[in-house]
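Presented below are the structures under discussion, each in the form of structure tokens.
Each of the next two complexes has chain A plus one more chain, namely chain B in the first and chain C in the second.
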Partner chain A sequence: MEPLTGMGVLALMGAAATIAGASEDLESDVGSQSNPNSQVQLAPQMMYPHRIHSKAVSGEPPSNALMCAIGGTTASVLVSTGASAALALAIGAIVAATIHGTYAATSYLGRSASQKRFKQPVYLDVMRSHIPVIMGYSFITTFCILVVSYLMATVLAHPFPLPLLAFIWGITVGAVGSSTGDVHYGAERQFQNVEYGSGLNAANSGNIVRKAESGLRNGIDNSWFCAKFGGPVTGLAFGMTVFLSGWITAVFDPSRGDAIGWVSVIAGVIIVLILILWNRNIEVAARKAYGTYKEDENEAEVAA
Partner chain B sequence: MIDIAGILMDNILYVILITLGGVLISWSVHFVPVGGAPAAMAQATGIGTGTVQLAAGAGLTGLITAGAMMQITDNMALVLASGAAGAMIMISVTMMVGTWSYVYGVGCPPASAKVKYDPITKDRQDLYVSQGTEGHGLPTVSFVSGVIGGGLGGFGGSMVYYALMSIENGLALPDLVGIASIFAVGVFFVNAVIPSYNIGGTIEGFHDPKFKRFPRAVLSSLVATFFCAILGVLAIGGL
Partner chain C sequence: MSAGGSGAAAEAIPQNNIIAFGVAGGLIGIYAAYFLVDIAGQYMSFIGALGAICGMIWGAAAVRRVASYGLGTGVPSIGMLALGMGVLAATFGLAVGGIAGPVLAVISAAIIGLMVGILANKVLKMGIPIMEVSMTEIATAGTITIVGLAVAMTGTFDFAVILEQVITTGYIAVIFIAGGLAILHPFNANLGPDEKQDRTLMCGLEKGAITMIIAGIVASVNEGASGALTILIGLALWYIGFSGYYDRVKRDAYDVVGSGLLPSKEELE
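And then the complex of A and B:
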């Protein structure tokens, strides 16, 4: 393949992956999935009943992998019957979003109903308002992952079948989303009632913010907040993962010989080294800017 | 009738390679700094997700790059190295953006609660741990440990895939790729789950005292993957 075509396809994949990452994180914020959900579930037990949607369908990677594998399988079957790719991918994503919607509904009802003894109400209007949003986000995520997988399978001629590529990218987008954007939701948005600039003190566990900018807080308020930082950075992370892991072989095409293949591996290692140095740079800058939380005991004694 | 002993003897090298790949995956998971649910609330050092989830995310990204590489070359070392590179890129990008979330989103500097000084940078750690937490974010030692873990996981996963693809069989190539890749994903998950009993939710990397427990997981993985390898070789070799 022409290197320029390869780069063009890769850019398109990177863009689709960026949207997939952002919508994946916002989907988990609306429904409150993954690790921060532990606080949403804990809150009623600590006598803080709330109006936040709670859907721990599973960890984000398996639940996104399920969505994407369902979408990929449906699309793959439709393409094999002669349907156009755009139609097949859209229908695949609709099927996946519908199935995800059923999980979002049953898990909310199940979680909330099981906390009846802690006086946690089941809000039917929360279900009515949140589940279409969750399904909308999951449609966007699945469609974009299917676009990435379809481009890989057809244009870049990746040997893995479409459903398997969609499954793997589903696992990866879930892993990226629960590692990056969730921190913004779990550590900041849920605990805006404590001072900014520290981790959650274990003593405050379960004491999540329940009042919104107007009225009682719900999952859609949370996605509004996280769309300003958590969602976009998750998108960047997944977009970078897809783009950079493909970029090294698009620029240094291993089909031109093993030596070029080794150069692509070295390019990957150099990217990783740059990221290590960047992380170190941020670490030093953050420590300098924020300072310490407590005084050094030895120094305090000397000063005294 | 399938000649079980014959298939196994012909492919004994691949049984060994698959088992070795599984052991590498199991070892690699101990390097990955995961803080589980507490880390998502900036309550523990590491990435805010589960052990299996992140290790699988990185390792399977490596499998995708290894699969693409294997299509164009038979060079085993190159396939394994590209798998390691893909996984390392995924995990380092994720950790990098995780750092953004902790530093700019939550406003806390990276700090480890398991050691007083970072073994790599020699930076003081305990003063930067906020009250009531077990550290937060990704100090350099955890980042480097994660990169090593991702690399080893991608390397091991690619080794499993390479061995499965090399077994003698009568399958058409697309069918073989399908079966081998699904088997490789399965072996990866088996070996990503076993170490999580050692880790018990949180580990900061190779400087964490829990890291010393890895021989138990590696031994368990050796036994489990050996059986997986026999099944895989028989299933693919018998077709």
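And then the complex of A and C:
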């Protein structure tokens, strides 16, 4: 393949992956999936019933792998019957989003019903308002992941079939969303009622913010908050993962010889080293700027 | 007390009955599909998915039992482990077993599961009393799920056909993840101190029906199997599962309200 074509395809994949990453994180935030879910689950037990959707499907990697594998399977079946790729990918993503909606419904109903003794009601309007949003985001995620996988399978001639590629990218986008985006929601948004940077004291467990700027807080408020930073940064992280991991073999194409293949490996190692150093510098700079956690005067008195 | 606690889960249906349901239903479904596709025609391939649903409900019951010992966030992992062991056992059994393939797959799954259970308790010292039994159950249920769905997709458990139409085409990925979530999701979705066995298992039926629909979508392009009937029966079972589940949610929940404020302080006391 022409190197220029390869770079063009790679750019398209990177763009699709960036959107997928952003929508994946926001989709998990609407339903409080993954890490923040433990506090949503805990809240009623600590006498804090709430109106926040609990989408306890599983960790983000398996649930996104499910969406993308279903989308990839449906699309691959449709393509093999002669349907156009764009139509097949869109229908695959619709099927995946619908099934994800049923998972979101059963987990909210089940988790709330299992908290009967803590008097957590099941709010049907929470389901009605949240599940379409969740399905919308999951459609965007699945469609973009399918675009990435389809381009890899057809244009870049990857040896893996479409459903398997979609499955693997689904796990990856879930893992990136879980590690990058959740921090923004779980650590900050859920505990805006404690001082910034104070960490989660055991006494505050389950004491999540339940009242919004206006009315009672729900998952859609949380996705609004996360759309400002957590979602986009997840998109950038996943977009970079897809782009950089493809870039090294697009520029140093291993099919042109073993030596160039090894150059691509070395380029990959250099990129990882640069990222490690960069991250370390950000961490050191942040610690210098914000310092360690400062005790309150009250705490200092108690300690003395 | 189940879920989040650390003790045996309360069971309305004894686990032994569910084991019998899972093994017998699963194997009967797989073999009935295999023979009836030859005798009556390819549209009988849907029976394989019914067998797989028996396996998934059994798997969900087994996950529920072992995860009640305070496994919490380990529930998804154990579901993935089930299908991981299942893929190994299913490919091995079908590759060497011929007509006895599914039985051989089930037996090898039981052996792998038992070994993993012994490792978990003796080496990792997890100290869960029913670990060995549950791991054996989970691995076997995962295997029945994989073989059942593969039969529903292809109409046969002949390894050459499965290799060509399920594994090389990548559809094994969707069997793996959809089957795994059907086993792990029911208990995970109902986690909490007031979890009930029948509600969890009804959720298992609903999720199993979804995998049946997916198997039907794949079957529609394979010559040996028929997709339309599988998808239709899958949709009907999904409806039965979801409405049954919603009825049980209404029965078990503190309150099901269309909308409303949070319970007041007086109510909470």
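Before moving on, here are some points about what is shown:
Everything below uses one rule, namely that the second predicted complex is superposed on the first by the 292 of 304 C-alpha atoms of A that agree within 3 Å, B and C clash if a C-alpha of one lies under 4 Å from a C-alpha of the other, contacts with A are read in each partner's own complex, and residues count from 1 in each chain.
Keep this in mind: a contact is a pair of C-beta atoms (placed from the backbone, for glycine too) under 8 Å apart; a residue touches a chain by one contact, two chains touch by 3 or more.
The structure displayed is predicted, hence computed values, not measured ones.
Look at A:192: by the touch rule set out above, it reaches neither chain B nor chain C. Legend: residue contacts after superposition of the two complexes on their common chain; A:59 is shown touching both chain B and chain C. In the superposition on chain A, A:110 contacts chain C only, with no contact to chain B.
Taking chain A as the reference, the larger set of touched residues comes from B, when chain B and chain C are compared. Judged by the touch definition given at the top, the superposed model places A:38 against both chain B and chain C.
By the touch criterion defined above, A:5 reaches neither chain B nor chain C. Looking at the shared chain after the overlay, A:160 reaches both chain B and chain C. Of the two partner chains, neither chain B nor chain C is touched by A:84.
Legend: residue contacts after superposition of the two complexes on their common chain; A:179 is shown touching chain B, with no touch to chain C.
Chain A uses residues 38, 59, 62, 160-161, 164-165, 167 to touch chain B in one structure and chain C in the other. Interface of chain B with chain A (complex): residues 36-37, 39-43, 47-50, 53-54, 56-58, 60-61, 63-65, 67-73, 75, 78, 81-82, 84-86, 88-90, 92-110, 121, 123-124, 127-133, 135-140, 143-144, 147, 173-174, 177-178, 181-182, 185. Those residues of chain C lying in contact with chain A across their complex are 3, 73, 75-76, 79-80, 168-174, 176-178, 180-181, 184-185, 188-195, 199-200, 203, 206-207, 210, 214, 217-218, 220-221, 238, 242, 245-246, 248-249, 252-263, 267-268.
Those residues of chain A that touch chain C in the complex are listed here as 38, 41, 47, 49-51, 56-59, 62-63, 65-66, 69-70, 72-74, 76-77, 80-81, 95, 99, 102-103, 106-107, 109-125, 160-167, 210, 216. Note for the complex: chain A touches chain B at residues 34-36, 38-39, 59-62, 152, 156-161, 164-165, 167-169, 171-172, 174-176, 178-184, 186-188, 190-191, 196-205, 229-230, 233-234, 236-237, 240-241, 244-245, 248-249, 254-255, 258, 261-262, 264-265, 268-269, 271-272, 275-276, 278-280, 282-283, 286-287, 290, 292-296.
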